[in-house]
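Shared between the two complexes below is subunit A, which has subunit B as its partner in the first and subunit C in the second.
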Partner chain A sequence: MGYWIDKLALLGGAYLVPLALLLIFFGLSNFYVLLIFMKRYKQQQTEKVREKYWDEIEKNLALILIQSMDDDFEREHRHTLADLWVLQGKSPKISQFILNEIIKQKSNLVGEAQDVLLRVYYELNLKSISKKKLKSRKWHRVAQGIRELELMGQKDCFPDFYPFLKARNSELRKVARAGLASLSPNPLSFLDYVNEELNEWEQMAIEMRLRDKKKEDLPSFHHYFDHHQLSVAIFCVRMTEQFKVYEYVPKLTHLLETASGKLLTTVIQSLDKMEAYQTLKSIKHVLGKTSSPEVMIACLRFMANHGNSTCHDLLEECMKHPENEVRTEAVRAAIHLQYAFHQSDEHLERMFYHHKNQLTA
Partner chain B sequence: MDAHRMITNKKILVCEDDEVLSSMIQFKLNKEAFGEVVKVNNGKEAKEQIDKQTFDLIISDIHMPYFSGLELLEYIRKTLHKETSFIILSSEGLEKTVMEAFDMGATDFLTKPFSPGELSMRVKRLLAA
Partner chain C sequence: MRSGLIAQLIDFLLVAFSLSITLSYLVLAVVALYAIRSYMRRYSLTVYSDLVSSELAPSISVIAPAYNEGPTIVDNIKSMLSLAYNNYDVVVVNDGSKDDTIERVVAAFDLVPVPFFVDEKLKTQKVLSVYKSTNRAFKKLTFVNKLNGGKSDALNAGINVSSSRLVTCIDVDCILENDSLQRMVKPFMENAQVIACGGAVRVANACDVEQGKLVHVHLSEKYLITFQVMEYLRAFLLNRVAWGRLNGLLLISGAFGMFQRKLIIEAGGYSTDTVGEDMELVVRIRRLMDRQRRKFSVYMIPDPLCWTEVPANAATLSRQRRRWARGTVEVLHKHKDMLFNPNNRLAGLFSFPFWMFFEWFAPLLEVFGLAYFMVKLSHTPVSWHFFWLLMSMFYCFSIFLSTVSLYVEQVTFPRYWKSSDLVRLLASAMLEPFIYHPRLTYWSVRGNIEYLRGVKSWGEMKRDGFK
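What follows is the complex of A and B.
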């Protein structure tokens, strides 16, 4: 008896386990297919609503904008607004379509038209759609809500972005930081809490928002020159140069003494682009004590643009540097500064004219 | 008074696939009483209108279905050899795009966002010329 039980158990094990695995796989696949189907169905339903009401939405929005150019604006506006209210009641998706169209038209038009669009935005309570998205568990919905509030210039909403400044999802983090940079009176305040690298995309997104600001509303970049995150410090130095904040030149000059590596190179390049010729002495001091080829090259390029005959000694030293690129930059700077070769060193002379010929060819 | 009379009875073609924007432009230009304003939503319709009738001014977005604004401009200048005033509207203010438009013979270039009032002023200036 025991033999047969064992035999059955063995057979069961041989077949039941694969059967169970097959059933699990089948169930999961079906579930996945069902999820895709539901998603597609939802998209189709949204598209159907859009097709059904889109013409009416466009017509009413166009009317509102047109009416703003008319004398009897208020009366006509109330009628058209009522039509839009009625439309909103037909489907919850319509408010989102209207919001999308308002955002689009805001990017097409300036002046009074923008004020009219903003007015419609408030009158139809479209702000609440975006704010509701901030409570979603799906990161892309939250990001969409932040973006909408940012595009509609809702400055009172930026505190709602704080929870997402350190989101694990990098895209959401980028959108939240960019939103804050756009709406907050202190655009770079989130940098106080940044512990990870500020990547290139985030930097670009923040810079784009800063470009929309007036000079007096720009943040104090110098607060972050000594940030523990190198990428943040470099970003702020670059922004100082990009926005030509000349009052920070003394702070950048001071940074020449303490910075090293990539940060130091960036500071020198920024001072060069800002034409801070008054920092030549400090740059010469850096060139004299550094051993980094990258830093030397940055200093030599600065000298080429803003140097004078007091740089010749240093240039001669750099022409003897083992790195070819350093030697080339030294010769380039020498040509710019109209250096007359007078050394008795034949090797140096050959090298100088070799590089000069290459540069002037 | 004479200057104003000169800029009526004109025919303007507006080529813009954004319905809300094109309606606004049409309304604004109609309000200024420059004349007849014809509105189309894509490059194909624009080409049909241009083949059918003569316009004093064409205002066109760069990006449109079928033919872009620049292709339309090229068609007017190089195929039809017409000197119709042509304003390009674009959301890109890239120097390359602007230069390309003027190289092809555009009379003016307006970057979005723009104010309808500004567009109207530029139209008035071109039609009065």
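What follows is the complex of A and C.
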């Protein structure tokens, strides 16, 4: 008896593991093949529904837009809208299709046509679809809802976004911030809540939203020049430059005295791009006392564009700097300002020769 | 007695190795699935088109080395110049071509030589001239003509000429997706610690290409190419995505990768003494960051950004794979002190050993295992039931990995829409262990032998060209 038990155990031990693994991998392979074809089937079904109703949705929306030009608009509009109501009642998927189509069309339209689309949006109660998403427990559903409301320009909804500024999910926080930047009358109010780095991607997203605003609706960037998050301060300096808010130049000049490192470099670059030549004296002062190569390069670039004969000594000094890039920039500035000077550095001599030729060419 | 013990030890090591390789790939597949899921959720909320007009988009230089690319270079440059991005330039480096590459490019883009100061931060062969276009439509293009020094040398020359924050090094014969730069730059903008980023490379054979742009994706009729399609899907959508998620990625494909320019210069540029220059650069930059105790991450995105023509015949494929094997062993040998080195964190403790044992050593061990089995067969009786069970298990595992990668392709950015394509890919996954894998193993072993013999050449890569 014991012999057989031992034999079975031995067989089991040796065979059981590979057999179990074989079955698991075999099962999983089939499972994924099934998933692939199920996914394909689902896609095809969605495509079918889309194809079936898409033309009708597009046709009805187009019809509404055309009717808006007629005198008999109200009666015909009701009629077409009723068609959309019927379509909408068939499946929640179709409501989403209609919403997507309206969002897509809205981005291509302006003026009265856009107002007509908004009217359809309200009459079909599509706003409730997006608002319902805000109550979802899945972060990506909430984010989708915020994005839809933002794209439809639902300004009354921005207070609903506040709770998500402190959401655990960072993506949701970002979408909520972008939504606020787009809809809130004070687009950068969310910056008061920012305790993390405002990354470049997010900065770009906010910049794009600010671009849609009129000059008088632009926020007061200077309020955030001394924000505890360096990235926020840098962003606001860049936005001052981007939107050419010249009234903040004195504030930026003041920053030249207090800021350091990356913020200081950004301030100098912004003043350069805003052509604030009146700040040359302060820039020269910064160049005289800084040891950071990045700041020096920014100062030298400023001087190349807005400098004058008073910069000669500083440039000569910078040409002796141990950092190659600082020396290069100093030569570039000197050439721009058409200074005549002699070099002992062969490297700079060659560069001077090339740049001079380039200028004369 | 002693030989019996040795045989038992070898048996144990072979089984342990096989199980550990299986387990590693299984873990990577799970990590990849998780990473893809979270990536796709974020992707659905991303608006890439902002980058086309934003002033905040970081500057990028696309660097493409060219050697004897005369027949295709004009179309390829046109394709590079029409990428959808706000702030980029294209640097094409002619690496001493012997054909009419220069003449064609000069004529097509109205180029004239310009006085241009090249700051040689990286040592390269002599730059003979730099061309810019007189036509404003091509103002983004810089054409560098230099003495021949190999692909790495040409890339280094391109890096010297460029002045952008980020550089993308590509193969000039690759086809880039129109929005590839937008997608690739996002990780750098989201996280300042990202030092390099790679994208998925897909197979372009049999696809329709017009003026350097991919128009339609088709799956090739040739099984040799279908095998490679499956192989690329597994490599890019499972392995690399998983290593990217774990921040242990050691290889960003030379066909398309983006780096911080400053860091490449700090690390000393591409190495000219290896044929695995893409992997070597990533490993060297990682080590530099580790030495300086700086936080960093090397990122991988699953988006199909770059399409490449893979070898369509066994002879060319053999040359390519032997070169890859040589490149791998060169890099592993050069950085061998990284093995189990805790100073290199995850890369030293996991990725490097993974490459060492499962990428480089596995084919060698496979051949050894086969020889050992033959010898054993003649001396001791073999339990055939057990043998077939084990073989079936590994076979099922290989199919499992292929199906998962195909599933990932379908849920991320599906390009194979026809059901017949899917069936053919699945069939190739089933045939691959019998037809394709043994050949790969053989070429890998030959690559190792070539390394020992000191072979350094790249070998000619014959291409059929696109339809």
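The rule is simple: the second predicted complex is superposed on the first by the 289 of 361 C-alpha atoms of A that agree within 3 Å, B and C clash if a C-alpha of one lies under 4 Å from a C-alpha of the other, contacts with A are read in each partner's own complex, and residues count from 1 in each chain.
Definition applied: a contact is a pair of C-beta atoms (placed from the backbone, for glycine too) under 8 Å apart; a residue touches a chain by one contact, two chains touch by 3 or more.
What you see is a predicted model; the values in this text were computed from it and never measured.
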(message) One more residue to check, A:M38. First (subunit B), second (subunit C), both or neither?
(response) neither
(request) Would you check which partner chain A:A82 touches, where first means subunit B only, second means subunit C only, and both and neither mean what they say? (result) neither
(message) In the superposed model, which partner reaches more residues of subunit A, subunit B or subunit C?
(response) C
(request) Once the structures are superposed on A, label A:N108 by its partner contacts, choosing first (subunit B), second (subunit C), both or neither. (result) first
(message) Just to be sure I read the superposition right, which of the two partners does A:L16 touch: subunit B = first, subunit C = second, or both, or neither?
(response) neither
(message) Just to be sure I follow: which residues of subunit A are touched by subunit B in one complex and then by subunit C in the other one?
(response) none
(request) Over in the complex, which subunit A residues touch subunit C? Could you list them? (result) 14-15, 18-19, 21-22, 25-26, 28-29, 32-33, 35-37, 39-40, 140, 143-144, 147, 171, 175, 197, 199-205, 207-208, 238, 242, 324, 328, 350-351, 354-355, 357-358, 361
(request) Going by the contact rule at the top, pick out the subunit C residues touching subunit A in the complex. (result) 22, 41-42, 44-45, 47, 50-51, 53-58, 114-117, 119, 186, 188-192, 385-386, 389-390, 392-393, 396-397, 399-400, 403-404, 406-407, 410-411, 419, 422, 426
(message) Going by the contact rule set out above, which residues of subunit A touch subunit B in the complex?
(response) 58, 61-62, 65-66, 69, 101, 104-114
(message) For a test of understanding, state which residues of subunit B touch subunit A in their complex under the given definition.
(response) 18-21, 23-24, 27-28, 31, 91, 112-117
